[in-house]
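Heads up, the next two complexes both have chain A, just with different partners, chain B and then chain C.
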Partner chain A sequence: MAFSTTLYNTFFQRNSVFFSTVFAGAFVFGIGFDTGVTAFYDRWNRGKQWKDIRHKYSETAAEEAE
Partner chain B sequence: MAFNGLKKAVTLTPSVRTMPSGVPAAPLLNLAARAPADPHAHGHGASGPRSDVVPRWSGGISRSSSSLVSKSYTTLPSTTPFTARFMHTSVAVKGAPEVPDFSHYRADDTDSNRALSYFMVGSFGLVTASVAKSTVTEFLKTMSASADVLALAKVEVELATIPEGKNVVIKWRGKPVFIRHRTQAEIDEARGTKWQSLRDPESDEDRVKRPEWLIMLGVCTHLGCVPIGEAGDYGGWFCPCHGSHYDISGRTRKGPAPLNLEIPAYDFNDAEGKVIIG
Partner chain C sequence: MLSRQLGAGALRRGASLPAFRQKNALNLSRGLAVRNASTASSSAFESFLNSRLTLVSVSLFTAGSVAWYTHLYGSLPFLAQVHASHASDEGLHPPEYPWDHKGILNTFDHASIRRGYQVYREVCAACHSLDRIAWRNLVGVSHTVDEVKAMAEEVEYQDGPDDEGEMFMRPGKLADYMPNPYANESAARAGNAGSLPPDLSLIIKARHGGADYVYSIITGYVDPPPAGVEIREGMSYNPFFPGGALGMARVLYDGLVDFEDGTPATASQMAKDVVTFLSWAAEPEHDERKKNGIKAVILFSALTLISLYVKRFKWTPLKNRKLIYDPPVDKKH
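Entry: the complex of A and B
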């Protein structure tokens, strides 16, 4: 059986399954999108954010980190 | 051609007598009659003979003794059922393909097209659902308190400064908070009370996180006065406004107060020996 037929029979044939898949996918997609964007933002602004330079100024944080 | 000399009867409304053959009888019809002269006709009208008179040899209308007969001797296209009637005069080209061949454009595999269509619909729905969800949550986030407000909403109290058997009143979010360092006797008294029969039944274990520390809002549940500590009939608090008595666990025991003194959210910080209210 072709891949497209398998896909159709698995997800698209029943509307309930279709909708459940869409909402579950939306949940996973939201988490993944947030994680990805945050990772990109942190990498793009590496060394500029407070959490990156905090150890230079905060003694307690430096002690906790060490 | 047998049909060229076809005889035809003029069709008239059946207001006259009809003969058995179906032809209306018109015995007194005057074919020479003309319409009366019309001054508004612009030189061409019913008055006078028409210029393009159909010649007699092509046929024409004539009267017989009892009816009206129209004869035509010229060749006309036959309209009998044996001849096709054309909508236009150009001859149809024989052998031309009537429907173009679309087989080149048809999909070889309709299943994959169907799966792709549903996939696109589902993907769009997925993105739409996450966009809607994040729109709602981001909007609701704007209603939550900001960090500076949350920082003001907490109070830290050093517990080591409160000796056993003493009350401390602090201000938290504009309201007084009672902190009582209870003695063992007071704990026993609070735990030994039959709380099931109280007005607002609540056990002492539910009201404190640690038995020696009783932390509650110092606002009388009756009308909002501040009760006085170490007073009243039950060794706890007494509200001077309307005489409500609270026991050593802050439960209402006597007077008009309907509920026990409220417990705020608090946490102990053991490393620094503090309690954080809020």
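Entry: the complex of A and C
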């Protein structure tokens, strides 16, 4: 009960807080989800994408990598 | 009265067998000339089976199925047919190859795209155009900006008019599209004994079998053709090509190009690379599309699960409620 009470008092009691929580949550989730999926995708396709091989061809990128 | 008889006979014998009980009730009630609902419904089923409407609709359904089959497959079902042509005249089905980009999670192998571009430029581009790909499309896919700029500058493009109304030639830039080997279609046909080399931008999407088919065509030449197959002068036999006679001769032989990354340039390696390049040309959005697909599947599955849960949650009281008939109390008025 204590948890739900705290939850209610923190997020749901004031509409302004609830509203901004939803938007901030969506923003954070969007970035996190995108980062997570991209990390998995790059891991799965390691060595195949352009960003994995560009250091072989671009001199500036090779310097940056070192 | 009926209930009293039931109570005496049937209920004692099997309270757990409702069907049996009902049958028993029928036997008991026959003498009372009471019609049970089950007998009424079975005669309704019989009259449905024998009705004219049923006959007509079943006939229509059958005729429709046959017509649909004939429309789909071009021949009547269950009738054997004889063809003047052989199945091989329509081209062999290409085998499936394990492409790097096959599967819902896999991107293109971009090193392969780079080698494939080299093969296209040094071999295919002599006859085949690549209209829908601009130099800028290669940037960040297989080459760096500086490399692409240098490659584009080697080609002269017509531009203009200038201040005096004259068209002039200038070196290519990133926004220019890949140069066409022929000025127009007639020139292309004249240079290839009447055959038009197709534009390769969308060739992977434009052929049944896609990448497998194009790879099979490039590597599948049979020379000399098998006994009994006559090929005109200037044509080549390729079992994967419908009709078998292909205007393009075999072009890829081992060691035709020199790959800068040291990959041995066997004919099959070059074919694989150029087909990967053409797959990219047909679907430049491929890598991004698959990544978005992963996100969509995850999000929509989660939303589906949530909505299923919410449905069950909301319906629980409706599904589990019991309606109890509470008869009005006799007031003894």
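In the analysis below, the second predicted complex is superposed on the first by the 53 of 66 C-alpha atoms of A that agree within 3 Å, B and C clash if a C-alpha of one lies under 4 Å from a C-alpha of the other, contacts with A are read in each partner's own complex, and residues count from 1 in each chain.
The rule we apply is simple: a residue touches a chain if its C-beta (ideal position, glycine included) is under 8 Å from a C-beta of that chain, and two chains touch if they have at least 3 such contacts.
From a predicted model like this one, the values you see are computed outputs, not experimental measurements.
K.L.:
Of the partners chain B and chain C, which touch A:Gln49 in the superposed model: first, second, both, neither?
P.N.:
Only chain C is touched by A:Gln49; chain B is not.
K.L.:
For A:Ser4, decide between first (touching chain B), second (touching chain C), both and neither.
P.N.:
The first partner, chain B, only.
K.L.:
Please indicate which partner A:Phe23 is in contact with in the superposed arrangement: first for chain B, second for chain C, both, or neither.
P.N.:
Touch partner of A:Phe23: chain B, not chain C.
K.L.:
Applying the document's definition of touch, where does A:Phe33 land relative to chain B and chain C: first, second, both, or neither?
P.N.:
both
K.L.:
Kindly classify A:Tyr41 by the partners it touches after superposition: chain B alone (first), chain C alone (second), both, or neither?
P.N.:
In the superposition, A:Tyr41 contacts chain C only.
K.L.:
Where on chain A do the contacts from chain B and from chain C line up?
P.N.:
33.
K.L.:
Okay, in this complex, where on chain B does chain A touch?
P.N.:
The touching residues are 109, 111-112, 114-116, 118-119, 122, 125-127, 129-130, 133-134.
K.L.:
For a test of understanding, state which residues of chain A touch chain B in their complex under the given definition.
P.N.:
Against chain B, the touching part of chain A is residues 2, 4-5, 7-8, 11-12, 18, 21-23, 25-27, 29-30, 33.
K.L.:
Quick one: which bits of chain A touch chain C in the complex? Just the residue numbers, please.
P.N.:
33-34, 37-38, 40-41, 44-45, 48-50, 52-54, 56-58, 61
K.L.:
Which of the residues in chain C end up touching chain A in this complex?
P.N.:
Result: residues 100, 105-111, 114, 140-144, 146-147, 261, 287, 290-291, 294-295, 298-299 of chain C touch chain A.
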